[in-house]
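Heads up, the next two complexes both have subunit A, just with different partners, subunit B and then subunit C.
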Partner chain A sequence: MKTETVPSMNIKKAKNNRELHKFKDILGSYLFVLPALSFLFLFSIVPIIYLIWLSFTDYSLPNPAVFIGLENFSRMLEDKLFLKSIFNTLVYTFGSMALGLVFALAIAVLLNRQLKGLRIFKVFYFLPTITSEVITAMIFLWVFDNNLGILNYLLKVLGMENPPAWLLEPTTAMLILIFIGAWRGAAYNTPIFLAALQSVPQSYYEAARLDGANAWKQFIHISLPSITHMLVYSMVMSVIGSFQVVAVVDILTNGGPMDSTMVAIKHIWQQSFEFNYVGYGASLSLVLFPFLLLITWLQLKLSSRKES
Partner chain B sequence: MKKSTIMKNTTLYGLLFFVLLIFLGPYIWMFMTAVKSQGDVMVWPPKIFPSEFHWENFLKIWQETNLPRAFFNSFIVAVIATAINVFLSSLAAFAFARLTFPGRNKLFLMVLATMMIPSGLMVVPLFFMMKNMPFSGPNGWLDSYPALILPFAVTGFAIFLLRQNFLTVPRELDEQATIDGCNKFQIFWRIILPLNKPGLALVAIFSFLSHWNEYLWPLTVARSQEMYTIQIALKAFQTQYNIDWPMIMAGATTAALPMILLYFVLQPLFEQGLGGMGSTGKE
Partner chain C sequence: MKKFLVALLGVLLILSGCQSQAGNSAEKPNEKVDVKPPDRDLVKDGLPAFNEEVASLPKTDLEIWLAADYANEKPIQDAIKEFKTIYPNISVKTVGIEWGEMTNKVKLAVSSGAVPDMAHNHAFAFGAQGLAEPLDDLWNGWGEEDQFLPGGIEDVTWKGAKYGVPLDINTLIYLYNKKAFDEAGIKEAPKTLDELTEVSKKLTNKDKGQFGFVTNASGWSFFGNVVAEGTNILKFDGDNATANLNDPIVVETMKKYTDLALVHKSSPVPPPQERQTDHPVAMFGTGRAASFISGPWDIARIKDEFPDAYKNLATAVIPASERGSVLGGGSLFVPKGSKNQVASFELMKWFVSDKYSIRLAKEMGRHPVKEHQYNDEFFNDPLLKPYIETLKYAQPYKLEAYPEANDAWGKALRSVFDGADVEKTLDNAQEVAEKAIKNAK
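This part shows the complex of A and B:
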């Protein structure tokens, strides 16, 4: 109110004032984002640059890093374990993703109805999501134990003479790994799919029923297309997550038997921190980086083509 | 008609119980093993219930192992990382949702991009950043709380999620507050934050959960037993007790319990959050 009574303030001063105010405004805005962004910059962007540099060096502690050009990358081509670890990771990723998502979808469909006591079931179904990989792996290590495990006992009761020593044979060890991945994946994705299913308007189903569509047809023609975007999202997230599996492997098989469950991140970790080939470990990480982004991009691409 | 409904419902409940067995069975088996004696797990055929409940297994875990210390470490790490994430991410999310400043969209794109970075591939360079941290001892930040807490404290996901939340608050409220003489921080603190408690709680829960359950990063930077987090201590435990299954399962139960309790206490929030996790994929 008082400022209105100051006629002597010239235009220039007012303009300066406004600019100062604007400058302060912008500065203030940056103060809001700066703390969080410095964290992200320091621990997400800087490591990538550092990773690129490390991957061109020969670095073994305690010696300093020495630039060696592309040597790490040519070494990779002869590293059979690296190729095997990639192959294993792909098998695990696609196996656990496919199984996990199919089960998640089936369970979500099962839960997407009015039924007494459904809530209780739902509560328990989501438990694996909040349990760590280490604990999960320990439980299943015990369940699948070939001598005293409960599973082999049940199999014997059911009449199987010689149940397999699950974790001691290459094929079954990978199967167990996939099973655990799917178990976690199903629990994680069920609520996501359920939420997606519940957002489909009931009128669609009513119209379909009037047209005489049975439950299966309704699922294929209404439910599935309505949640495609969610399926793709879950696929991408599963790939990114499963590709980095390591805790379950460490507890369950430690990469064995005969490297049949040696996965990419475990191989990188071993090279870097157990064998002290840091430069090589970095170059392995760097190679996987675009590979993962490529899978993500491909999935998004494929899904958008299907939709259009 | 009626009979077929009963048939259908029976099948449905049958399926529901079957799925329940698959998800819950392993936990029951873990607990039942945890309260058995070692002799009890060696018998054939295996018994579901222990012949006698050995609660002292949990006492043994608490007294004879370094699990309490690891528990404490995990708690400190998870709480501080969560506090940092909730506070700093909500500040940034407020700016991205409400303020205009040069480079805003580019910076937000950068935030989104960090969500795509696979953390497992960052472990090698981050380890050496920690080791070569300036103004610290010969081992840098290795084997310290800052290394366990800071690198994964702030997440792009939190900023993204909170921004989505903040955008739903009507702008009229801000304008009214401005007229009433609130500055930006006051608008953030008195209007935006109180109106978005569920979103903030969600970010807090998932921050806490991910730090409590994290394995690879603490495995890499926690060198001494004193700095082990709960997951690393459990793994060490497995080597130590080899096939003493009751002890291993008692350890696993102890480590799983805090999250399970939190899950049941905050059930509605979890339910909303678990389903909502996919909502980020819509756009």
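This part shows the complex of A and C:
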């Protein structure tokens, strides 16, 4: 009898111990993430819930919010400037993202080749990312101002009588904003792409070279597919970042000329804080969310199709 | 590692101990402090008389929000320091906030209930939006309203109630390079907008990249031209305001003003940035332009940053058919919900006292709001004469009480510079302004 019960008791005890360990493990894990989750809940989830509530109210500080149902959303349909700002944001987003990623990839490929003298360049390429947006905007203002900017000064020295008023023309103003966005984006994405390129096994390239593939073919058929996951990550981050652009616009063009560079966040900020339509501003920001979700989903879908 | 953790815990415990001590000392609002009148005569020293009511207050902590370019200036800090020696029961904490940020900060503070005891901007605009406490009782007790320039009082008044104390005042004048005028054979400054156009055309030299005048796209600044032409963009019938943005005189003035850049090319088209103050002074200071319209603060700036241009600097009233301009400057107010109105109001009186107002003018280029303070010899400077003359007729920019209408006005001017039709643009702006005034709470 004894010989039979002892092992079964041991098994039970061991099982209990295992379960206790598992429970402790799970509890420990939750305790570890609890501080981060609390912060996330308090500073992200709660404000989002509050924003959803605000979007159904007429709220002008310091008066209390009054529930008005869907009125803010019907007002949005008549807000032509909001639609224009969404369009401008999309133009800016896709322009700066495409240009920025191409720049970043080109720089990363060059750096990966370990050509002579490129080491010095490595020190500088990240600088635009760590420079504040306001300072970046001021630098480009000194470059592109049509009367006091260095670019038009040089163009005049070179003999051009009437150099363009860069920031006063809708097309050039938007192109300059896209260029600045791309410049900052390239600086941020270059080290990411460089790390991804360096993780591609060299044996792939050796095999390709034996098969007679040239540098371009190696890039298209080996490098690019190997870093698709990083490309998608950078695209998603670029879209999210570009949708939040405001400081550069504020300083360089103030949304002009003729609202041609008015971006969504600037419009929302203006409605919420300058005009004190906090409830309406909340509903405008709520509309941006599905936009971002849709773009991100499309990008992920696209990349998964490519990978398969 | 263990030792490190124990040491860290120790440090945290000590710090938390300090924290609770500091908290205790700050949480004694009703502590009585014995404040005795000073031995000297404060009035003789150019300061407000000793105020028994303020002296009898329990220990009070004032938090004051001043514009960032005022908060740490010596005249302001010296005034606070001296105030605290007379009233040791009052402590003052100064916070510097960007001028443009003040509205949002005050709105958020008022709605959250954590309000400062004093803030700095245009008191009337905050009174209009329900963000400031009316201070009429304190004004009546003070009894010095008649010493202030009427424009200063207007900057704190909304619908008959006074919401603050004006701190400084300014208006716009015409600044020009007299050497350039002499060389072009122009004997005196232009007196009307048409003369300004002719003079500016004469002074423009395309080959040298020089302009006769520098326009700017600030709605506030252009309002100065509108006033100088004898009209206003807001009409008041008692307490009721109506928009007047598309008044024929406003339309004509805007057309002539923008034509200087767009048609006659005797001014550059203003840059698109919101901040319009740097461009004209830089163009003038570097010799690229012969004249512009700005305030007396740019006299000090040209003297400091462009000493060569300062040698040839002359001033005149704004070229227009009537007189006056926009009234600028700033005022102090008590945000809605503050319980320390008496102490806060007393400190405001100190800032505008003869002793510190004159220092604000001399050291910071911020000019006084009390009429008699202009008798100081500092104001005998011939460059300031047109400024003092214009002050008498300057009008405050009341459109600021309606943020959406204010934006529509500024945007209209910008759009015309960008090529839009003046009449149509002002009609649209008028529509927006009418709606904004109607919806104002």
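Points worth noting:
The definition used in the following text is that the second predicted complex is superposed on the first by the 266 of 308 C-alpha atoms of A that agree within 3 Å, B and C clash if a C-alpha of one lies under 4 Å from a C-alpha of the other, contacts with A are read in each partner's own complex, and residues count from 1 in each chain.
Criterion: a contact is a pair of C-beta atoms (placed from the backbone, for glycine too) under 8 Å apart; a residue touches a chain by one contact, two chains touch by 3 or more.
Bear in mind the structure is a predicted one, so any value in this text is a computation, not a measurement.
When the two complexes are overlaid on subunit A, subunit B and subunit C occupy overlapping space and clash. Partner contacting the larger number of subunit A residues, of subunit B and subunit C: B. Of the two partner chains placed by superposition, subunit B and subunit C are both touched by A:Leu148. Of the two partner chains, subunit C is the only one touched by A:Gly256; subunit B is not.
In the overlay built on the shared chain, the residue A:Ala173 is in contact with subunit C alone; subunit B does not reach it. Legend: residue contacts after superposition of the two complexes on their common chain; A:Ala165 is shown touching subunit C, with no touch to subunit B.
Look at A:Ser60: by the touch rule set out above, it reaches subunit C but stays clear of subunit B.
Contacts of A:Ile139 after superposition on the shared chain: subunit B is touched, whereas subunit C is not.
In the superposed pair of complexes, A:Glu274 makes contact with subunit C only, with no contact to subunit B. By the touch criterion defined above, A:Ala282 lies against subunit B but remains apart from subunit C after alignment on the C-alpha atoms of chain A. Subunit C runs into subunit B after superposition on chain A, and of the options 75-83, 93-101, 219-227 or 255-263 the stretch responsible is 219-227. Common to the subunit B and subunit C interfaces on subunit A are residues 148, 250-251, 273. Of all residues in subunit A, only 60-63, 141, 145-148, 156, 165, 167-168, 173, 250-254, 256-258, 270, 273-276 touch subunit C in the complex they form.
Across the interface of their complex, subunit A is touched by residues 9, 12-13, 15-16, 19-20, 22-24, 26-27, 29-30, 33, 41-42, 44-46, 84, 88-89, 91-92, 94-96, 99-102, 107, 110-111, 114, 116-129, 150-154, 156, 159, 184, 188, 209, 212-213, 215-216, 220, 231, 234-235, 238, 245, 248-249, 252, 255-256, 259-260, 262-264, 267, 270-271, 274-282 of subunit B. If you check the complex, the residues on subunit C that touch subunit A are 103-104, 107-108, 110-111, 129-131, 209, 268-269, 271-274, 279, 282-283, 286, 288, 336, 403-404, 407, 414-415, 418-420, 441. Note for the complex: subunit A touches subunit B at residues 25-26, 28-30, 32-33, 35-37, 39-40, 43-48, 50-51, 54, 107, 110, 113, 115, 118, 121-136, 138-140, 142-143, 148, 150, 153, 157, 183, 187-189, 191-196, 229-230, 232-234, 236-237, 240, 243-244, 246-247, 250-251, 265, 268-269, 272-273, 278, 281-282, 285-286, 288-289, 292-293, 296.
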